[in-house]
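Shared between the two complexes below is chain A, which pairs with chain B and chain C, respectively.
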Partner chain A sequence: MTPPWSRLELPPFLERLRVLTVKELLQLGRDVGLIAFIAYAFTGDIYVAGSGMQMQLRNATIAIYDGDDSAASRELIGRFHPPEFRIQALLSDAQDGLRLLDQGRTMIMLDIPSQFERDLSARQQTAVQLQVDASNSVIGTWAAAYATQIAATFGTDHAMGGMPTEAAMPIIASHHRIWFNPNSMDEWFVPIIEMMNIVTMLSIMLPAAAMVREKERGTIEQLLVSPLTPIQIMLPKVLAMALVILLGITSSIVMLRYVFAAPIRGSLPLFYAVSLVYVITTSGLGLAIATLVNNLAQVGMAVILALAPIMLLSGTWVPAEGMPPGIRWLMYISPLHYYVEITLGIFLRGTGLDMLWNHLLIMTLLGLVMFTIGLLRFRAQLR
Partner chain B sequence: MTAAALVVKQLVKRYGNLTAVAGVDLEIHPGELMGLIGPDGAGKSSLMKAIAGVMSYDQGSIHIRGHSVSTEREAEVVKPMVGFMPQGLGQNLYPDLSIEENIDFVANLRLVPAEAMAQRKERLLRMTRLDAFTKRPMKNLSGGMKQKLGLICTLLHEPALIILDEPTTGVDPVSRRDFWTILSELLVQRGISALVSSAYLDEASRFDRVALMHQGAILVQGKPQELLQLVPATVVHVRLADQMAGLAQLRTHFPKTLGFGEWIRILVPTADRQQASERVRQILGELPCQELLCEAPELEDVVVERLSADQHETAATIPRAPPRHHAAPAPLARGALAIEAQALSKTFGAFRAVDHVSFRIPQGEIFGLLGANGAGKTTVIKMLTGILRPNSGDGQVAGVDMSHSGPMIRQRIGYMSQSFSLYFDLTVEENLKLYAAIYGVSRHEQRSRLPWILAVTELTARRSALVATLPMGVRQRLALGCALIHAPPILFLDEPTSGVDPLGRRRFWDILFQLARQEGVAMLITTHYMTEAEYCDHLALMHAGAVIADDSPLGMKQTLVARLGHVFEVETQDPYRAQQLLQQSDFPHAHLHGRRVRLFSQDETAIVERRIMARLASQGLGVPGISRSIPTMEDVFIENVLEMERRGRMAAAP
Partner chain C sequence: MNLKRLEATAAKEIREMLRDRFFLILAFVSPPVMMVIFGYGMNLDVENIPFVIVDYDNTPQSREYASHYTHSRYFHFLGYVKDQREAQQLILRARIRVAIVIPEHFGRRLAQGRSTAIQTLMDGANPLRANMTKSYIIAINSQVSLQQVTDFMATVRGIPRREAETMLQPVRLEVRYLYNQGAKSRWSMVPKMIMMVLMMAPPFLTAVAVVREKERGSILNIYSSTVTKAEFLIGKLSPYAAVTAINGLVLWALATQLFAVPFKGSFLFFVLATMAYTSCTTGIGLLVSLFVSTQAAAIVVTMIVTLIPAMLYSGIIIPLSSMGPVPRFLALLTPAMHYTQIVDGTFLKGQGLLELWRPLVVLAGYGMALFVIGHRLFTKRPRA
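== the complex of A and B ==
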């Protein structure tokens, strides 16, 4: 018994689109390796990113030479505690500390001079020396900043030790109130960013791979002598891969919500719509890549090459305002930059289309340019 | 007694679940030229790699000159005695190095002493006539030259046994004959043994002995002449006014009867020609027979007999096509012009791939483009199908001008490409339905069309199988089915049978023949199998981008007979010397073919025999046997090319 809908005849253009899209999905569904890779990217990879990557100082090793060995010095040392710091060694000789630094066995060396408590008690200015291995500049900077903060608080506390009330001191007390991610949870921020990186990577890679596979097999020739137009050859690949990516996004969202308990304050349908636009337009880059390379291995390399600047320029790690002017302009043409803005807006700030429309508009326009370039390259290659 | 050059016993090689070589026994005597012939995937390369010591094997034993080759250490001991040339043009060479640099590199690798090396290099370069091009980078050489350079590099360390994996596949016939002559010469002079594989059955007669491989096993081995005796039969060719009726009638008695251009080819199981032709006339009964020729069976008949003994699939008559849908391309009247090429030319940079090619193909005709790889066949097809734009020239396909009606042409043609046009990760039916949708065949129409395609290509039982799991011959039939899905009146087939075994090739051609006769489909088909060309109604020979001859296969042979005469094959003890003697006397076309000398003569058999014997006897050479035959398609091709080159030189000379 044939179901009634099978008798429905679609117009040729749509029927071809349907059949070719189904074909792409069937082929993808039978590629166990690729399916496993996509599944891992949208779940495992994001989980690792969310639970492993934190942008705070954790377990920085510190070696301490306490030349004073007094109540004050011990109190200062006590303030370098886990989870930020881990005391690696208490030294009897300051020279040992330099050696440890040289050998890379400790990251920070704290040297407290012998007259530390005496000076403090005498209300005289005193100094401690902090040496930081800043080979990893980010962590080094953080470590220095934390240590400075600890020393400063220690100093203020001591200075106020004898004072009756806090208010009597003319110092500014800064009380932070962090919005949208109140506990500065990297578990929210990092996996959301990672998800967008994955979406970007797959939007480029999957259509490129699907196209190159046809080239490798030689089936592309068969399609070219058929009455299909270039856009009819391209579009089904893009649509099928977009569908797969949206499914992947869904599994990531489930994980964000239930594993990392991230809030989704805005509208999910809006997020899906934005993602669909983003995926389809970004795939243009993949199609352009497919015209330049001949096999899957080359697709892999080209995608890595293309992804690096896209991610660096997305503004995720460094805000656009912090970039030199030339690079800043490059950032403004990275579609990922806008996708990130919109997504963070929807997920964490609960912003709606009324606030994000300008970002969406720019992203769409940039994407369209990219897609058109891909289409033109593809058509030019067929000539 | 000297040790055999090579003894292989019960060799087995497996790749996971796939058994590539299934218990092969093989022996090569010193100085012997052994052929290993079989289709792609028969296990030839695996066997040769195992013998050359570059691949391990699972069971059995290999001994080269009495030395066992079973461990890597043993293989290292044997390697100096062995020369191996892998499959593919110039696979053992470096494209960016010149001829001389390639040779020097290999010689240094093999630690050939400088003095010996200079001497060998000079001699080999002279023999292969590459000495004029020593500074040319390998990548700029023609296919034939690459193979000759490959052969030199294989011979530099003077091995006792050389192993050449398909050295002639895709090489043009002239260079191919050249290659064989050089190889025979070397073997005769140096006493080297050789194991050479080939995909062409018609090359079998060049070997001292051949082993025919199929699905990892040796089907049969022995001297070529002996193998032909295995099937005592006569091939009868008949030409009838009503070919299809005759075919149907003959098939009831001889199921392997085939349409062969405008002829019918029948294998009658008796060596007595008189008796064979009488049986055929008797079966035809009322049908008037215009012409009847008897021939000895070919090696392909032997293989097909052997294979069909256990496969038992007989050629079926294809059912009539279902009525065409209104949207299907309008059928053209039989005999109407289906394809026309007018002075088509295409250049890629400085390279002229196609040079003023013209031909006309009427509806219902099978038209063959025969030529080596790189002759321009595929480029012609690509221009006619609208994938490539010609630099100059015109063409009409299905009554439409090809230069500005690409989409319209594409809807009216079916195309089956060289590299397989199928999706391996889809099933038979999924592939067919995909192409049905691409060509806009409605789902309603698919219901009548699909069963017909499955019946024609004999795939009904395999409709749910994944393409990746199907053997090559079956895949090719499916690709044909995909090309037929929208009932096109014209088919373009680009090397559709490349690498398929003889049985699969015959079935494929049988389907094509019936489609042409019954459905009136016009076909343009390219091939580099010389023997396959005879299935075509009409042929165009392509060489270096140009059509050098254009006629029916029989017409071409008759033209050659009229120009040069019949072929005589001379058996003698010293074929190399005999060939030189004969070439210098009255037979300028004398050439080596295996250990025999072939030549053309227009004179009476008795006169020719007397002259050959007199010439050779004067130099003390005995002549045990001389036989006369009609030229092969390869003769036609080579002589046409040589004639063209001669004329080219005459025109160039002042």
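== the complex of A and C ==
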């Protein structure tokens, strides 16, 4: 039985493209292990990345040595409470705290001196020690900043006892309006970033692997003797992979929307269009890699090597402003950097094409350069 | 176990590796390159946050307040804008991350000893940075408040400023950073990058090495030969484990020499633990290779099963003790987390076997278990 679309007369160029794309899809579809893991990457992996990752100060573990054991010291201790802090141990000996820190079982140790309450009532300044494990410097300094805040508020509250109320004091209150992600829901940020990383990885990897496999098995010879131009060999691979990746993106979006309840504030068609452009242009890098290497093991190493800086320079973990100036310029030529900005814009900020067009333009131009290099190298190699 | 056959398998693998020059270069060059890139670039310190100020007050006091931000290394001042609407546009375009809005009568209210409020608009798309930014702003506001209140009290009560200060701040918190006195991001990050890099390359090398034989059909030679399963697997994997161990030493040298991170613990112990970790990462590669039949699949699978857990569940971003039950469970399952304890302990805390025997035992056991499972699953009589 012939499927209905086979009767459709296509110009030879498109017809060849169609046939080869179908061939690529069939070949990919028969690699069950690969398909299963692509499916896992777009769903399970994103779920793992998104659940339980928090990027706030949460449950910073604290061990407390209370040398005073007075009403005042207990009140101070009471202010180190969840969700920011979790009291891990109340120590009877300050030395135990250092041991817990060494073992990594607590992150902070608070040491309240014995004359704490006496000093407070005598209106003398009293010092409280805080030891912080800075082997994770970001969280360490953050927790220290929070603790400083707590101690300061405690001190002021104590001093203000029986004095005029806050309204009559020249105090500056902090009112924050956090946009786009008001409760700082990390569940949204991390999986969205992860989805983009996976899209990048697959759009470099899959075409490169498809191309090198032909080389390795020798089937490229068949393609070379056929009446196909290099672009007709190359494009179907890219198209087939793009189709698979867009399907993957769809399953990720379903996850984001229904499992993580992420708001998709902007236009989804726009996101698909941008992703298609991104996937196709990024595959140029994969094809360029494919021309440099001879077997799949090399593809893997080269892809890992290329991927590490691309992900790092994407501005997801470390945005441009956090980079040294030299590296910052490298970021501006990373297409993923723009893809991330556009995607966060569409998903979280709800921005449209009117504000994102310049990012899209740069991303497309950079991608075209990459794709052209890939195509030129590929053609040069076939000759 | 016949040592001669094992040797032959290993020799064959080494020769194959040496003859593939490109692969050899990648195997030895890519780990140090990644280490350098990550070491310089993976800086999670939140600094130079681009921001603007909307000053509805425009008095000496408001400008004085603004100077706390403009002179801070945490913030990068891009100028004053005339109203909130303009600031919002800049946030939408991702040009700035924060806008500080100083209200009308800010200076006058403070001078009269009345409270006022600063409004901040923040881009929350990246929650880690938004939260850090928020904590900086709160810190600046309380610092300025304290100065204001101190001045106010001093004038109202007619006491010296110093005395008012002690009165308002009776508790002084003395913070001491252990293991990393300057709380340097690089000291904390670079040793953990050894863990990342050794998690990325080796599993993939081993997975591809086994799957390559499957895909090319040369594994049939093994099936029909007298080489036992264990001999084949050990002979096959040990060259890659050796490559990884050498890389581990190179990475150690980079961390201590190029990035000047102090190494305070026992070197011998570090080498031992790195070997145990290597056995885990090559073991992961082995398991992957048994489940997939093509090299392309092997590459994708190893990347997915190694990269994300190493990044998110190893303690690079949040420490194990702060994790919730589910992430904690996942973290305990990843060798990366146990090895992170070892690198932190040996580099920064000056520890050795005495303090770190537990993660070492876990890693060694993990590696053994992977190998035993691999041995059980590998069969010389595959079903057609």
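Throughout what follows, the second predicted complex is superposed on the first by the 372 of 383 C-alpha atoms of A that agree within 3 Å, B and C clash if a C-alpha of one lies under 4 Å from a C-alpha of the other, contacts with A are read in each partner's own complex, and residues count from 1 in each chain.
Here is the rule we go by: a contact is a pair of C-beta atoms (placed from the backbone, for glycine too) under 8 Å apart; a residue touches a chain by one contact, two chains touch by 3 or more.
All values reported here derive from a predicted model rather than from experimental measurement.
> Touch test for A:247: chain B only (first), chain C only (second), both, or neither?
A:247 sits against neither chain B nor chain C.
> Please indicate which partner A:273 is in contact with in the superposed arrangement: first for chain B, second for chain C, both, or neither.
neither
> Which holds for A:31: it touches chain B only (first), chain C only (second), both, or neither?
both
> Check the residue A:261 against both partner chains and state whether it touches chain B (first), chain C (second), both, or neither.
neither
> Is A:138 touching anything from chain B or chain C once the two structures are fitted on A? First, second, both or neither.
The answer is second: A:138 touches chain C but not chain B.
> Under the stated touch criterion, which partner chain does A:14 make contact with: chain B (first), chain C (second), both, or neither?
neither
> Between chain B and chain C, point out the one touching more chain A residues.
C
> Chain A residues touched by both chain B and chain C?
Residues 31 of chain A touch both chain B and chain C.
> Can you name the residues of chain B that touch chain A in the complex?
Residues 385-387, 389, 407, 410-411, 413, 415, 417-426, 430, 433-435, 437-440, 442-444, 482, 492.
> Would you pull the chain A residues touching chain B in the complex into a rising list?
6-7, 9, 12, 15-16, 18-20, 23, 26-27, 30-31, 217-219, 221-229, 382-383
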